[in-house]
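Some structures to go through are shown next.
First subunit A sits with subunit B, and in the next complex the same chain sits with subunit C.
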Partner chain A sequence: MADVVLKDVEKVYAGGVKAVRGAHLQIADREFVVLVGPSGCGKSTTLRMIAGLEEISAGTIAIGGRVVNDVAPKDRDIAMVFQNYALYPHMTCFENMAFGLKLRHFPKEEIRKRVADAAQILGISELLERKPKALSGGQRQRVAVGRAIVRKPDVFLFDEPLSNLDAKLRVEMRVELHKLHERLATTMIYVTHDQIEAMTLGDRIVIMDQGEIQQVASPLSLYDEPYNRFVASFIGTPAMNFLDGVLEAKGDALEFVGDGGEVRVPIGAEMAKKLSDHAGKPIVLGIRPEHIHDEASGAAVKAAAKVTAKVEVVESLGDQKVVYFAQGAHTFIGKLDAHVPVESGRPMCLIFDANKVHFFEKVQGRNLTCRVERYEAPDLAKLPQPVGA
Partner chain B sequence: MASTRSNLIGGPGTLAVLLSPALVLFTLFLVWPALNALLVSMSSWTGFSPESKFTGLENYANLAGDARFWKSLKNTFYFVIVGGIGHFFFAFLFAVALHRPGFKGKKVFQTMIFFPSFVSAVGVAILWARLYDYNDGLLNRVLRIFSGQGVNWLASENAMDAIVIASIWAGVGGQMVLLLAGMKRIPSDILEAARIDGASEWQVFRHVTLPMMKDVTYVALSLWLIGSMQVFGLVQALAGPGVPVDMETVSTYQYAISFNARDNIYMMGRGTAMAVALVLCIVLMVGALRLAFGKRELEY
Partner chain C sequence: MNAMKAQIPMLLWIYCALSILLLLAVRRTRHYPLYILKSVWIGFTVLAFVWVVLMSGATNQEFALRPASVFGELSEYPYTFRSLYGFHSWYLPLLLWLPLWSWAGKAERGSRLRKGLWVALGALTLFFLVPLLLIFKRFDWSAYSHFGENYAHAWRVARMGDYFFNSILVSACAVGLSTIVGSMAAYALARLPFRGREALIAALVGSMAIPGFLLVVPLYVMMRSWSVGNFSFMDSRVGLSILYAATSLPFTIFLLTAFFRSLPSELAEAAALDGATPLQIFSQIYFPLAAPGLATAAIFNFLGVWNEYNFALVFVTNPEFRTLPVGLYNLQVSQQYAVNWPALFAGIVLLCLPTFAIFVALQEKIVAGLTVGGVKG
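So, the complex of A and B:
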């Protein structure tokens, strides 16, 4: 068990392409941290640098207090689960799982016991004599996880391990990985591009874009307090709506006026204080689709802003419907109850929950109303305790 | 279902029509010459005279008692085994080196190592004959600087080694390219998984790369066996018109006994018996290799 620290880590590829810039991250012992971001954001490169599969161009990586910049992967006491499982096709599942232990000259009996224990945890005891080709995708991934856990490493690394599984299996494996973390109480670093995996698995989530860490926070913080426009747009489905406009002073208070003047959102006193410097300046309002209500359900909203918009497209999700609206220069999405009557092409009166809106700098994209730090510290009290502790 | 299939691909008549050109050519150029060779090997035919007498297995019996044939077979096996070890040692070495991520100048080295494969056996022999030259050869000049004396590379006790060295220089690139292609096929994450599992580079090669290249290694070894058992051009060109017995391989002996204008020996029947024996040897060895390698294809 160990903590992992990245200090100003950079990765520059030949030709000067910067895959990771100034990555700064402290992962606590026993923490489950998820690196998430769009393709090419540098999350896998960061994980591979922690694993030692990529050299770092600058900075320091320490595992368990030991700087590992020049330490080979085999000497870092880590285990990694790959997207394509990376099982040795010429070995049985038992041999796959035992390979690392054999290389470390563990006694045969110990190897047998560890593999049997891991196989039992993962429900693959009856598959041990089979070769990988005789297994389904889900079973292969279990063997790959088994190969990682038999070694009892300091840190587990997962590189998009569920991407190749079908939707149902992905949910099952997600739950199992969560249980596994609780059971093993070991540091886990997990890379995914799937925000649902990130939100459900991570104690903290690291959001990356264009090689830079955008925010490190717990799932709820990320959702409630996105540090910038990228984070706000990345977390949440459908994505947050952004409306361009200006802040107008109304006596002591402020009001957001969207381009075209039709969308007007009054700003509460507390938020107005934070935004006072931006009065009269262009700004971007962000509101999540689930904070846009129809008139009936919006009656309970304390700080309501009425907006009338034309319904363009309706997508039914079963319990809810996603509605695409157009209002002058703006287009935005609302998530309404499935039973709300909505008709394409007709105008509809909507309620914006003004207490749930965010305001972003027009150019830099920083969230002006964010109440958390960009790098949130881990909540140590919530981390799983090792057995016997 | 059956009728659909037969409608799609036609009946037995269509199949016969489609296959017949290949079958005719195969029979004409392969089955017939092979049967004819078998017949010739059991005759006293000189290769030129219209006279030919059926001698049964006499040619084969003569071979069994021919010390020169056994010597040539021994030389051939020496070339196959020692040359094979040398070829594959260097081919694997170069392939592993060129396959390493971050190796700079990969293309240049690959071309350099592969380049001798373009040179004909006679060209290789002429080049190496110059290098091996006792008085003026580059090898002896260098040796004389360090040890004061040269080596008679083409003397009978060194001749086979000299042939092996020249053949490795000329042929290692071909094997390397095959092995490299096999290595490139292995998914990189499997090698990375092994490194993270605790394997050193040698252990990755031994436990992962090598077993996963079983099919390619089998093909490369089979090609080597088939080619090297028939080694001819390099030996013939390096030794000159009369190959000394110490350098003789089965193919050069077969040539010497079948079309030997210099000594006026024309024994096509006996030479063909030697060729048939060589084919049998090759078939048996490749068969043994096939058995030794077992199931070769890996499924991921």
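So, the complex of A and C:
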């Protein structure tokens, strides 16, 4: 049981490439934190630095209050699950799981008991005598998780553990990992590039881009209050639409006018207060595809902005339609009900939900409408309680 | 006779080079006609060995009179064929054999045509084997019953038994030593980042280009002056083993570095997190996983060391410690004008048996191990 604290952690590779810059992160005990971001954003490097597999160029990492910068991986009391499982091919599953305990000179009885318990939790009791070669991908992944949990470490690290599995198995394993966290009540740090995994698993999510932490927040706050344009575009599928334009003062109120003058979105009084400094300046409007409605379903929207746009492409998902629109220089995506009649090539009248839009600085990309902090503290009450506590 | 003697090593070299080329070509191109060529080639090798084995059971006089032995009688084949079947074209069945074989191979599995073709092929084979068997039967085998006597002579009088033991001892020590040291060095070169690693690998590869015989004089000087207490590198089986191990190290390291590189590095990381020290990661994870590569390296080194002649000749002068190749040569030289050829052949068989057995049994594996690292395994 331990918290993990990163202070100004940097990683500079030999060629001078900065993989991670000034990473600041406080992970509470028993918390499930997910590091997410596009490839090359430094999330795996951060995880490997916590594990001790990469040297830390600057800053400190503390596990359970102990600075571990110069502590060998084996003495950090952590366990890691790798993307390609990294099972020892010449050992049976039992030997794979017992390896760490054997090296730590646990008595034989204790080893057998712990492995049997872990195997039972993961449903792999029948596979213990097999070698990894004789297992399917999902089974291998379970053995790899089993190898991590038999040691009862302070912190679990997962490096894209599900990305080698097929889609169906991935969902199953995701649910099981969630249950495992509830059951073990141990700190877990999880790296993925899949935002759905991140949103479903994490108590808090750390979004990284180009080696920098963009935002740390719970899944819902990330979606509702993205700190900047990168976070807004990374969370949610299809991604948030961005429209360039200016804020125009209209008496007391403000109105967003998109480039070309066709898209006009009125701004409510509350939001206008926050944006008053930016009147007359170029700005970026962000709206999620699910907040763009057709005329019928848009009737219920309180603050509606009418936009007429040409339908370019229609993708049918069964329960929904993803529609690509073009309006002058703007292109955007809307998520409509499957039964709305849409014809490509035809103009269509749309309703933007003006209460759900975000405004971003044109250059910095900072979100102007939400006064959120980059770092959100963990909600300690929600964390799983250790058994017997 | 002398002119022929001078030709033999050259021919042997060409033969070896062609064999290796052929094996590699077959593996690389997967061109199936080449497989037939390979089989024929291996057939010739086996025949040559059979001849040596035959001769090791003959008398000296038989060797002088009929050096080609039963193979010399093969020229009788057309005549035997004609007298047996009554027609001249003895080569016809042979010509028919190959197309029939390929047709049978291509015919649908389990079909009646295929079965029929196989029966026809069998009959045809029998057809041209019968005259051959007749020749074999007619041959006077009475001169080839001296195996026991010849081998006993080689083993005891010519001291091949002692030399065999020396060879086994030296080869085993050298191969063991070079495998252990080489695998550790290769692991370090493949896995541990340190300054000058590339230069070290380059130096090792470069050192493979130096012919061992060039080193004889400096080695002689060094080994004579290096002695610890009673131990001297000269005239010692341990000294010779160490020398062999050292000379086979560059190749071993080169081969195994490629092998270790082909193993995933996550295993080391997983083991490090599991609590293994670097030495444990090597000995418990990577060493067992490198078994195929280790086997290839060990077999190659064994073949090299077992047949080594130059170093064994120069650095061991005490007859007690001679290895087989030197002993064999000595047998021939010491008898000079009254050579007991069959005993010499018996010695050759003893020398060849281990290597021949290894090569026949593991030939595919050796080539497979050599190509590791080329493709991601």
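In this section, the second predicted complex is superposed on the first by the 388 of 389 C-alpha atoms of A that agree within 3 Å, B and C clash if a C-alpha of one lies under 4 Å from a C-alpha of the other, contacts with A are read in each partner's own complex, and residues count from 1 in each chain.
In the analysis below, a residue touches a chain if its C-beta (ideal position, glycine included) is under 8 Å from a C-beta of that chain, and two chains touch if they have at least 3 such contacts.
All of these numbers come straight from a predicted model, not from anything done at the bench.
Q: Let's test your reading of the overlay: on subunit A, do subunit B and subunit C clash or fit side by side?
A: Clash: subunit B and subunit C overlap once superposed on subunit A.
Q: Could you say whether A:132 touches subunit B, subunit C, both of them, or neither, answering first, second, both or neither?
A: first
Q: Going by the contact rule set out at the top, does A:90 touch subunit B (first), subunit C (second), both, or neither?
A: both
Q: Would you sort A:79 into first (subunit B), second (subunit C), both or neither based on which partner it touches?
A: A:79 sits against subunit B and subunit C alike.
Q: Contact-wise, after the overlay, does A:104 reach subunit B, subunit C, both or neither (first, second, both, neither)?
A: After superposition on chain A, A:104 lies in contact with both partners, subunit B and subunit C.
Q: Touch test for A:53: subunit B only (first), subunit C only (second), both, or neither?
A: Once the two structures are laid over each other on A, A:53 reaches both partners.
Q: Can you tell me which of the listed subunit C stretches (37-45, 73-81, 127-135 or 361-369) runs into subunit B once everything is aligned on A?
A: Only one listed stretch clashes with subunit B, namely 37-45.
Q: Return the residues of subunit A at which the contacts from subunit B and from subunit C coincide.
A: Residues 51-53, 72-74, 78-80, 82, 84, 86-90, 99-100, 103-104, 147, 151 of subunit A touch both subunit B and subunit C.
Q: Given the complex with subunit B, which residues does subunit A contribute to the contact?
A: Answer in residue numbers: 51-53, 72-74, 78-80, 82-84, 86-90, 99-100, 103-104, 132-133, 147, 151.
Q: Can you list the subunit C residues touching subunit A in their complex?
A: Residue positions touching the partner: 264, 266-267, 269-277, 280, 284-285, 288-289.
Q: Within the complex, which stretch of subunit B touches subunit A?
A: Interface residues on the subunit B side: 187, 189-190, 192-200, 203, 207-208, 211-212, 214, 298-300.
Q: Could you list, by residue number, the parts of subunit A that touch subunit C in their complex?
A: It comes out as residues 51-53, 72-74, 78-80, 82, 84, 86-90, 99-100, 103-104, 147, 151.
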